[in-house]
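Shared chain: chain A. Partners: chain B in the first complex, chain C in the second.
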Partner chain A sequence: MYKKWFLPFIAPAVILFTLVVGIPFVIGVLYSFSAWRGVYFKGGDNLFEAWVGFDNYAKVFRNPDFLNALGYTVTFTIMAVIAINVFALAQALLVNALGRAVGFFRATFFLPNLLGGLALGYIWLFIYENIFSTTLFGPDGLLPIDLLTNMTQDHNKNLLAMLIMFVWQQAGYMMIIYTTGLANISQDYYEAASIDGANAVQRFFHVTVPMLMPSITIVLFMTLANSFKLLDPNVALTNGEYDTRMLALQILRVPKDTSNNYGVAQAEAVLFFLIVAAISITQVIITKRKEVEA
Partner chain B sequence: MTKKTVSRIVIAVVLTIMALVTLFPLWFLLINSFKSQAEIVKSPLALPHGLNFSYIANAIEKINLVPSFLLTVLITVVGVVFIILISSSVAWMMVRFKSKVANALLLAFTASMLVPFQAIMYPLINEFDDLGLKNTPGLILMYGGFGLAMSVFLYHGFIKSIPVSLEEAAFMDGANVFQVYWKIVMPLMRPTTATVAILNGMWIWNDYLLPFLVIGNGEHKTLTLSVYFAKIESGAYGNAWDLIFPAVLITIIPIVIIFLFLQKQIIKGMIAGSVKQ
Partner chain C sequence: MRKITPVMAIVSILGLLLPLSACGSSAAADNGLLYVFNTKSEIKDGLEKLVNEYGKEHGIEVKVFSPGSGSDTVETMNTEMTSSTPPAIFSTNSLVTWGPADGDFMLDLNESDNADLKALAQNVPDELRFTSEGDENLGLPYTLEGYGYLVDVDVLKDLFALDDDKVAELIADLKACDFDTFRAFTDAVDAYINNPQAISVNVNGHEYTTAPAKTGLANDLTGVFVESGAEKWTYADHMVNIPLNAVFENYGDAYSADLDAVDALKKPLIKEMEVLDYNTSHAAGEDGPNTRGPSFVNSTTGSYDYALQLFAEHKGLFFKQGNWIYPNLKAALADTEDAGARMLSSLEILPIKMPFEQSDISVKGRTPETFNTYIPAMVPNYWIINKKSSAAQQKNAADFLVWLFTSDRGRSFLTDECGFILYDELDQPDGANSLNNALLHYASAGKTLSNPFNASPGNWLEFVGNQLKQNYMTKAKWDESTYPALADTVIARWKNLKDIQSS
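Presenting the complex of A and B:
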């Protein structure tokens, strides 16, 4: 019965998948080696006549915009992974320690994660420009801190602007993964550690952290991938002005920068894919190894 | 008071402050959706003078938010239903008829989760343009194709845990394959269907990039696109916050309302999606 109906049931998915993911992926890799201009090929009628080998890739690595975006993305990613993990874990531990109104705090911290990064980005843009830069941290504000003013008009300060917004959006989600992890740690370990004379800090580093390793791995790699691929807040806060493009936005702007040199854009896209895939594969390998050990 | 009580009060205070900070931008959005541009810029933190809906009405009219809203609902609902039907049926067969093809498919779907959208967006748009599908139906097809891998993965994992005997009994009783799929398999998979619907629904509703590439500044925009172009086009004269804030409000309100009712389900679904990735 299943054999007879196997093909008809898988056909729609296979066709759709081939059309939307399979073909564009293969074509995308091929086109990254050609002088593709979007609607035509420069210097030939087809892909092979317009073949340029690794020229596009060479151009990418000489392009200051790309290198800047790569550095900016890596810097942001490192900051975001650390900040989100610290906040999420702190929230999880605090909610756990309180043991009351858990549902309320979980829902509240989680809510920003459901909302669109672009729409939220504009709220934050206004908050940064018209509240942070004046009432709160402006020269005549409550607490003058230059670093927190006009953050969306500066290459370095914008990292902080994106960071605050992204932590706000992501921490609640990661907090719930940590809460689940904490719930799986048996109280016996803490009691045993207390009897042996371990204080709260020692209990945290010698019981909580090791027992929480599976959750930490998940959160670490999810934040790593999400931060690296960040686009919407980047568009909303600066739209790439003041050299604040991250990689996803950089790829989106290549055609405009180069009068439609889609071949170069595609080379950047392939490099982007390789980095993202490397991050995910590392995660899989680490998770598998942990499972074997456990 | 014991030491323990004091520390719990401190924790409660810290958490409450964090919760207030978390909710502040949304509160801020709400109060400023009822003010004029001048009031927003002059006193952004002040409460509005009464619930004056005229600014929201003005934004709705000026940037055509009613058609945008309907279009976004349409794309999200059709997209989600499409993904559910296609991914559940392929996953079901992949589990029930184990074969080399099924294994290869699972591998292909899993591997494709490594591919970020940026890696294929230009060839994809180019291909769909050639097919005459650079439009709303095309957009839904693209969401279907992208949502497929993770949804198949979720269904596949769930179906493995359903015993085949129920289906076999139904076949013995003379049910055809569609009846078994619709009346036995789909009802059993409801929890996974909820997860798939939530994950894909949120993503499609909020998405900016794909509609930007497919629709752009066209006549029929999704809500996120309307917000984007309201911001971009007002840039020359200073930002039109009295348009942007109501538009953002209308974009996020449906999600907030759904979340208030389906909190537990949504949180569970989102976590299930993440952990299985």
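Presenting the complex of A and C:
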């Protein structure tokens, strides 16, 4: 019976996945080897007549934009992964230690995650441009801090602008994973550690952190992949001005940059896929290994 | 009850999915369709009304697309062009994406079956023809646009205490003078704004002296130029077009030039930066000078609308813009009655003076004097028939264009409603639109530069704009020693984008 129903049950998912993801993906990879202009093929009537081999890939690397965006994305990702983990864990520990009103705080921290998209980015842009740059941290503001003003008009400051927004949005979600992880740690370990004379810091680093490793791995790679694919805040805050394009936005803008050279855009997308796939596969391998150990 | 077998389940799932794959393959019959894809947002409502009327009158189904103001049409255009019923008429002034070498979508009007259309196309003057090379004729011009320093003549009168005749003489002198004279003139105006007293300045051999104290509109002045720092196109597209004119004679020249031709842009570009520095450091603001810095590029106080409002309120004497602002300026002045009408009716356009030397200019026949006495003029859009639409659609499109350019209703739409200058009316500079008149005076005297900037590859203009916005417009002081490196960056980008576009 179990065997017999296997096919019908997975068929819808497999068929849909093939139609919506599989086939377009293969076509997309093929397009990246052709002089595709989105509407027509340059120099031929079909894909194969307009075949250019690795030409599009060579162009990607001859144009500084892609590598700049890659560098910017990697910098942002490193900062985001560290910041989100620290904040999420801190929130989880706080909520865990509270005892009462846990549900309220959990919901509050989680709330930003339910909002999203471009609209949120524009709200933050307003906050940065008008509240941060004048009222709060401007020269005549409550607490003049130059670093926090006009953040969306500077290559480096914008990293901070995106970071604040992204951490605010993501930390709550990651906190939920951590609170679940914390709840699974038996109190026995803490008791035993206390009896052995371990203080709070020692308990944290020698009991909590090792026991949380599975959650940390999950959060680490989720934030890694999410930061790498970040698009909306990037569009809303600077739209790539001041050399602040991240990879997703860079790929999105190639057709406009190059008068519809979709072939090059597709080549960048394939490279992007390879990078994200490498991260995800590493994640799966590491997570599997941890599971065996646990 | 009947038992459902796995095979039946699969079949029913496939049945459910079938409609998914069916869409997109049905081609609608388009025999009676006229589909116009317009990219000029300003004429959106009027065109829609006109085409609908035309459709009712001639019993054909119509469809009109126009973008919202400032929105990007590239993606929509791509989608529409690949649909089963692509637009029969579309508009652009660039060959870069849809031209003969890039997909070949434009019908050569010389080869149209419609004799009337052919005749209309052959009437387009040579310098306005849409062509890559050879004698093809790819579209009918929307209008003629030109730009330079728009002058608030009313303010000029109060500044120098001049009557109508005298101010006309000053305008003529300013149109003819060289760069250094113009600089001395703007320096004098700037000094006067800060410290009103009688200052004499010699323009083209005539002496002009400012009024001893500020009177009338001169009181409103806060700067010499009105600038919009958030609008990259004002200092990228239009400004950079001037040095480009020193390298390329016209659109076609820039479009088909060798990769290395753009190297000659370096010297003129450096000179342009000097001018840009001067203009943006003498900018007019709401209550005082508008100084460069974060607020200069702020999307509110640096916007085009805001700048237009400043110009309408006489905060600045010059505004680097074109004849296209007339309808907006008119709207901005609507509630000022007489004063507004006076300003509107007396507007003038001056050439954007450049400190070029002969050695900076590589186009034969152009001299520093050319740049100081000519203004750029171009056709911003052409009505183009899409070769890839159906024969029936192309026929409707040809009929419509003939009607548009020959019927009373069509022509009154173009001239009165849209404020367009028609290509067969270039010799009639006496309409109600002062800016069109000013432009036509240059055009009829042959004193026009071209629009090579429209032939720039990919997002080059945006790149130039970003460079200027990031590294210059936000800085109070500019370092002249950085100009050569900027020029090199910008030139390298041109070549890089040409490379990406090839094959």
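The definition used in the following text is that the second predicted complex is superposed on the first by the 278 of 294 C-alpha atoms of A that agree within 3 Å, B and C clash if a C-alpha of one lies under 4 Å from a C-alpha of the other, contacts with A are read in each partner's own complex, and residues count from 1 in each chain.
Everything that follows uses one rule, which is that a residue touches a chain if its C-beta (ideal position, glycine included) is under 8 Å from a C-beta of that chain, and two chains touch if they have at least 3 such contacts.
If you're wondering where the values come from, they're calculated on a predicted model, not measured in any experiment.
**Q** In the superposed arrangement, which partner chain does A:Gly38 touch: chain B (first), chain C (second), both, or neither?
**A** A:Gly38 sits against chain B and chain C alike.
**Q** So, does A:Thr217 touch the first partner chain B, the second partner chain C, both, or neither?
**A** It touches nothing on chain B or chain C.
**Q** For A:Ala13, is the partner it touches chain B (first), chain C (second), both, or none of the two (neither)?
**A** First partner only, chain B.
**Q** Thinking of the overlay built on chain A, is A:Asn63 touched by chain B (first), by chain C (second), by both, or by neither?
**A** A:Asn63 contacts chain C only, not chain B.
**Q** Thinking of the overlay built on chain A, is A:Trp5 touched by chain B (first), by chain C (second), by both, or by neither?
**A** In the superposition, A:Trp5 touches chain B and chain C alike.
**Q** Contacts for A:Ser194 in the overlay, against chain B (first) and chain C (second): which applies, first, second, both or neither?
**A** A:Ser194 sits against neither chain B nor chain C.
**Q** Go through the superposed model and pick first if A:Asn150 touches only chain B, second if only chain C, both, or neither.
**A** Only chain C; A:Asn150 stays clear of chain B.
**Q** Check whether chain B or chain C contacts more residues of chain A in the superposed model.
**A** B
**Q** Go through chain A and flag every residue that touches chain B in one model and chain C in the other.
**A** The answer is residues 4-5, 12, 16, 19, 38, 255 of chain A.
**Q** Report the residues of chain A in contact with chain B in the complex, numbered from low to high.
**A** 1-6, 9-10, 12-14, 16-17, 19-25, 27-28, 31, 38, 91, 94-95, 97-98, 100, 103-120, 122-124, 126-127, 130-131, 135, 168, 172-173, 176-177, 180, 218, 222, 229, 231-232, 235-236, 239, 247-248, 251-252, 255, 262, 265-266, 269-270, 272-273, 276-277, 280-281
**Q** Within the complex, which stretch of chain B touches chain A?
**A** 7-8, 11-12, 14-15, 18-19, 21-23, 25-26, 28-29, 32, 41, 44-45, 86-87, 89-90, 92-94, 96-97, 99, 101-102, 105, 108-109, 112-116, 118-124, 126-127, 141-142, 144-146, 148-149, 152, 171, 177, 181, 202, 205-209, 223-224, 227-228, 231-232, 239, 241, 244-245, 247-248, 251-252, 255-256, 259, 263, 266-267, 270-271, 274-275, 277
**Q** So in the complex, the part of chain A that touches chain C is made up of which residues?
**A** 4-5, 7-8, 11-12, 15-16, 19, 35, 37-40, 42-43, 52, 55, 59, 62-64, 129, 133, 149-150, 153, 155, 241-243, 253, 255-261, 264
**Q** Which chain C residues qualify as touching chain A in the complex?
**A** Counting only chain C, the residues touching chain A are 6, 9-10, 13-14, 17, 20-21, 72, 74-75, 78, 81-82, 96-97, 102-103, 294, 297-299, 457-459, 462, 466, 469-470, 474, 496-497, 499-501, 503.
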